[in-house]
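After this come two complexes, each holding chain A, first together with chain B and then together with chain C.
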Partner chain A sequence: MAFKKPTPKPGSAINEVTLGVGANAITLGGESVLPFYSFDGTIPNSPKIGIEVSDLGFENAVPGIAELYAGTSTPAEAAAKAAAVPGVDFVCLRFESADPNGQNRSAEDCAVTAKAVSDALGDSKPLVIIGCKNNEKDAQVFDKAAAALEGKNILFVASKEENYKTVAASVGLAYNQKVGAESSVDINLAKQLNVLITQMGVDGKNIVMNVGQAAAGYGFEYVYSTIDRIKAAAQNQNDTTLQMPIFTPVSSETWGVKEATASAEDMPGWGDVEARGVSMEIQTAVSVLSAGSNAVMLRHPKSIEAVSALITALA
Partner chain B sequence: MANITFTFEDSRISPVCVSSHAGERLLDIARAAEVAIDAPCNGNGTCRKCKVSIDGKIVLACETVVPADDLTVLVPATAGAFKTDIRTADLSDPRELAIFEKTLSDLAEFPAGKLFTTELVTLEQPNLDDPTNDLERLLTAVNAEHIALSAIRQLPKALRSDGELALLRTKNTVLNIGSPVPEPLGIALDIGTTTVVMLLANLNTGEILSKASAGNAQIRYGADVIHRIVEAERPGGLDKLNNAIIEETIKPLMRKLYAEAGVSGEQVYRFVVSGNTTMNHLFLKIAPDFIRLEPYTPAFNRLGALNASDLGLDVHAHCKLIAAPNVGSYVGGDITAGTLTSLLWKRSSGNVLFADLGTNGELVFGNGEFMFTCACSAGPALEGGDMSCGMRATDGAIDEVTIDAETLEPAFSVIGGGEAKGLCGSGIIDAIAELFRVGAIDGKGKFVKSGSRITETDGIMSYTLSPGVEITEVDIDNFIRTKAAIFSAIRTMLNAVGFTVGDIDEVLIAGGIGSAINFDNAVRVGMFPAIALDKYRYVGNSSLSGAYAMLLSNEAARKVDELARSMTYIELSTDPGYMEEFVAACFLPHTDAGLFCG
Partner chain C sequence: MAKFVVIGERIHCISPAIKKAMDTKDPAPILKRADEQLKAGATYLDLNIGPAETGGEALMEWGVKLLQENFDNVPIALDTANRKAIEAGIRVYNRSKGKPIVNSADAGDRIGNIDLAADNDAIAIALCSAEGVPGSVEERQGYCMTMLERGLEHGMEAEDLWFDPLFLVIKGMQDKQSEVLETIRWFAEQGFNSTGGLSNVSNGAPKHIRPILDSTMVAMAIQAGLTSAIVNPCDDRLREAIKSADIIKNETLYADSYLEI
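And now, the complex of A and B:
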């Protein structure tokens, strides 16, 4: 008997969310099949790669990253270099300087930087703005930056359970930008946050989720199964409150674990620290992409090259 | 050495002065001095309830280390409130009393008056021809194996008075003698984690002579059973906890009962206690340590007959102590006694869900053919604990609330009709359901509307119902966790035995929520499953009514034993699905909104 290819029941599609405007616009999501299952149906938008840029630069960066940003003195210059790395789809600007426990730069100053970075990127790549992990300060920075970049269709990461009321109101409602909804590795919490933000009046089609992240090996199986289950609920059960595309900021986790930071002198058996960091970043990124993440954030040009090649090969 | 003086905002409590060493923790000093400061988190600095005032500054007693100098500490009225009995008074509301009486009339098959008999005898008085001693004379005249000391004490005078002697006796023992002999009395005691309620009854007639209730003085060692067990594990801890329930809570209540009824403890021959497994252990001073450790095994479930006077209680020396049996580590005598009065066991078909919602929520699901049971930690929110303006369903409690969708102005009823002092469980459910209905709060319980009644203090929003009575986002959060624990327990238990909420034919709700509970609102906030509202019924304090039935009848006590043995206990804490159900239920009405509409 000849092989008969099973035809899977078509699932519901993930929302298509466009970041950026005009020539630099990219679109996340849109698929109604399992990750990379292009044989089961069409995948209109392949997963996208963002490159992480910190407004303070990266301290003790491995050679490959230090080299990339050599000679740059402003976040705008760094972003322009980052945008030119092959395989990069968008640029993620992280406002580390806003941290009240660090430099505590004002929201107004951050907004000026955001504008300069956006101008430097021009039509090349869309911008994603990431906060300093202080909920209150993030809300202020996002408010000013969203105002300064009105009309640029910028994704702000993130609006969390602790600050969604202010972030979603300014980013999503007042300035009509894209809202990043961040929850901590739990399908119910992810769904609750989406419901809360949409109930405030933000269109669900303007939301991108960050459902939590971990470096591979650091409780990562929870991240994997959370993404996997969210996609199943969104596609198989047509749960409209979970049909937002998923963005996973991989690099902010992987470059902090000991595999990526312990020096070769301290861990002679482990080999070169840069190779380890790149490997950690690639493994984690490939895993979240295979779970269903629609976009990842990476830091090292080599990781970007490898992940980009994988996406192209499987698309 | 320095002197610490505790003064109290509540003027009925006199100041307490103790000496201390510099560096000691204020909360520990207060506890050693028997000064009641509410510390539900047991001094971990997390609940922030142990606030006291030193030189006008508010500090946490658990985070304050005393200096070498003398110190005066003002204890606010709320901190020691469990000591007063004004916040708690079960069966004071006529509606609650009506439910109690209806429950008892349903149990007519267990009539009172069969525990003791009164035998009349005529004894010849001793004379020179027959100088036989008094006791011999009695023993010759009656068929009894044993004459209680209290009876012998009455004998010489009673024998020498004219007329018949009345003997109060059981089959084998003569307990008392008189002409007439005082009626036998008994006490039914419901030990809740938060509240303790007691009834004094005439065992021959079943008449209730007096009733009293108070907060459980163990509260200062933690709001829930786990904190109490941890405290009991410390050196001397078990003594402290036993002392708190016996000496500080039960004995004062008994004195109150006796004074009100004008009787003495000598007349009390039967004492029935129903409480959760941990409360039973602590009441009897039996180490509860292993309740919270895998494999979660209590020291006992069924006790057999004990003697209440062994606990130092002011009762007759032959007073029988009966504890409603436990089923497992977190399903105790309160639920087995309550199951008796729920009449769930009388149903031959259809499935009843019986839920006793106290600090621990316990569920029983089944009918006369099968019974499953489980427990969840609901927290004290529905009994008024852990809420800024919570109180029991008694005078001054707001028990029903509606809120205008346009103006956000509330309308409410107050038990007793006076000034509003706080919110009882049913009022809390109503207030939150209404705030949610009018869109003032979102699914996480955060305020999303503004209005004159919505204010912000230290970043926390609150809604004022009446001067001094408000509901804060923290209260709402506590309530959401409570309702989530209950709803997820219902779902997980039904799941575990292959049923769904659609299989429920009747829901009986017991506990201190209050008879005004609005089931429509309770469903709207996702506390109970969305099934037809006419299937719901509030049955009051079933633990107390069950204990009362056991007090009056040996058959009732035996029935409770039988029920306990026929229940299958499901341990939710080991069920991997429970935590996920809980998180999903921590939302108004539920993360899966489809469960509550259409």
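And now, the complex of A and C:
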């Protein structure tokens, strides 16, 4: 019998999800091959970089970040500066001020800020809205902000096991925005959450996943294998409940670990604290992108420059 | 490896309602059964028009078009002894969701149906018997190799031959059940796809017993390596067994709602 060269079966494609509208729209996902394997098939949309903006600014920011936001007094001004950083594809506005254990700003006030930030960004970059990690408060903030930004096609992160019913109903169904489904390094819950949100009536093609994050060295291997397994299910097993693109908010983890915060005085052998923080952010971002993440959130302009250069070189 | 392929058996002319619908070309009862089976997780739909000695070609064409137009080109197993009817069905068949299945060929009088599948780039269900019930695992293996050679000679890929070990009724042929499972294990060792009319095993058993026998048999057969079966997907117990087997074999990722998707 003559030898027949086996041809690998093409994988299924990740959903394409567009964020923003008109001139500022970007698209995540669409690939049916392994990350950066453009020689195996098409990658219609390269991974995207979001820049993290806190509505309270960053306390004790390293010089590179402090300089970027110098002279700004409102989140809208900060967002406009952030959007102009080279390599940035979208802006992530984090409502730290909404935290009931902190300033506890009202959902109505947050919505006013969200509108101002969206107006300041205009046609430049799309906006992603991130909560304060309090499930109940996030649901309230997202509801008001989603209403204020109707028609802007905003991604809200996140809808979790504890609050998906309210968040998905408001963000996804009432205001037709994009729903960020968040699970913490749990492949089964990641799938379950997508199933539950779609069973409520949200189109699976309007969902982006955050399947968990960690700084490199802090249980990161679980994050890596989670993303890897989810992409394998989506592409090789054609699991439509897992074909949503993945967004990983890298910076909120990496800038909190001791490598990025311990001063040079406390850790004389470790070198400059800013360089360490940037290095941590780059290493973590590159790792999640190589696992299959479709978008990352970063904070430092130097990290954004490096990760952007890597994406451009490999795309 | 891949998820277990369920071929829904409920569009069958032995059912009086379907027979009448086929005779009068009434779409409603057929569409209803198709819808129920697809919602219950069927991948393929079997379209059994019986011997169909007269009017078989027109009936198969009508049935294929009816099902594919209403259910997003659902893939179909064309089930009849009338070869011309199978050819007629394939002529109007849309392949976007999967190749047509010729149901069925055997190693006896119906071996020509393998040629038919080969000529039409279709999948063939290849029944490992020639006449009557095969007497042993070895006999089934012999029939299997005969049909494999026939298919390869005609340019088929081995993966397009879905070998049927011939499921037998438990009542009366209890001692043969292990042979069927052994045959399936042997298919799996060769890397062959397999399928069969699994609910044969419970023929003649009381109605409340049948799902228990069928679902246990399907679980045992899947573990032996069965890759597909022609079954009633609306049998909940059976459906749950198949979905759970896919989970246990890691063919699909677990989620708490896995039975609902």
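Criterion: the second predicted complex is superposed on the first by the 307 of 315 C-alpha atoms of A that agree within 3 Å, B and C clash if a C-alpha of one lies under 4 Å from a C-alpha of the other, contacts with A are read in each partner's own complex, and residues count from 1 in each chain.
Convention: contacts are C-beta pairs under 8 Å (C-beta built on N, C-alpha and C of every residue); 3 or more make two chains touch, one makes a residue touch a chain.
What you see is a predicted model; the values in this text were computed from it and never measured.
Aligning the two structures on chain A places chain B and chain C in clashing positions. With both structures placed on the common chain, the touch criterion links A:Arg229 to chain C but leaves chain B unconnected. With both structures placed on the common chain, the touch criterion links A:Asn101 to neither chain B nor chain C. After overlaying the two complexes on the shared chain, residue contacts for A:Lys165 are found with chain B alone; chain C is out of touch.
In the superposition on chain A, contact of A:Gln199 is made with both chain B and chain C. More residues of chain A are touched by C (comparison of chain B with chain C).
Within the superposed three-chain model, A:Asn60 lies out of touch with both chain B and chain C [touch as defined at top]. In the superposed model, A:Leu242 lies in contact with chain C only, and not with chain B. Of the two partner chains placed by superposition, chain B and chain C are both touched by A:Lys191.
The clash between chain B and chain C in the superposition falls on 583-591, which is one of the stretches 295-303, 331-339 or 583-591.
Taken together, the two structures place residues 188-189, 191-192, 195-196, 199 of chain A in contact with chain B in one case and with chain C in the other.
Across the interface of their complex, chain A is touched by residues 2-3, 152, 251-257, 260-261 of chain C. Within the complex formed with chain C, the residues of chain A that make contact are 1, 187-189, 191-192, 195-196, 199, 229-230, 233, 237, 239, 241-242. Listing the residues of chain B that touch chain A in their complex gives 442-444, 446, 448, 580, 583-584, 586-587, 591, 593. Interface residues of chain A, counted against chain B in their complex, comprise 161, 165, 186, 188-189, 191-192, 195-196, 199-200.
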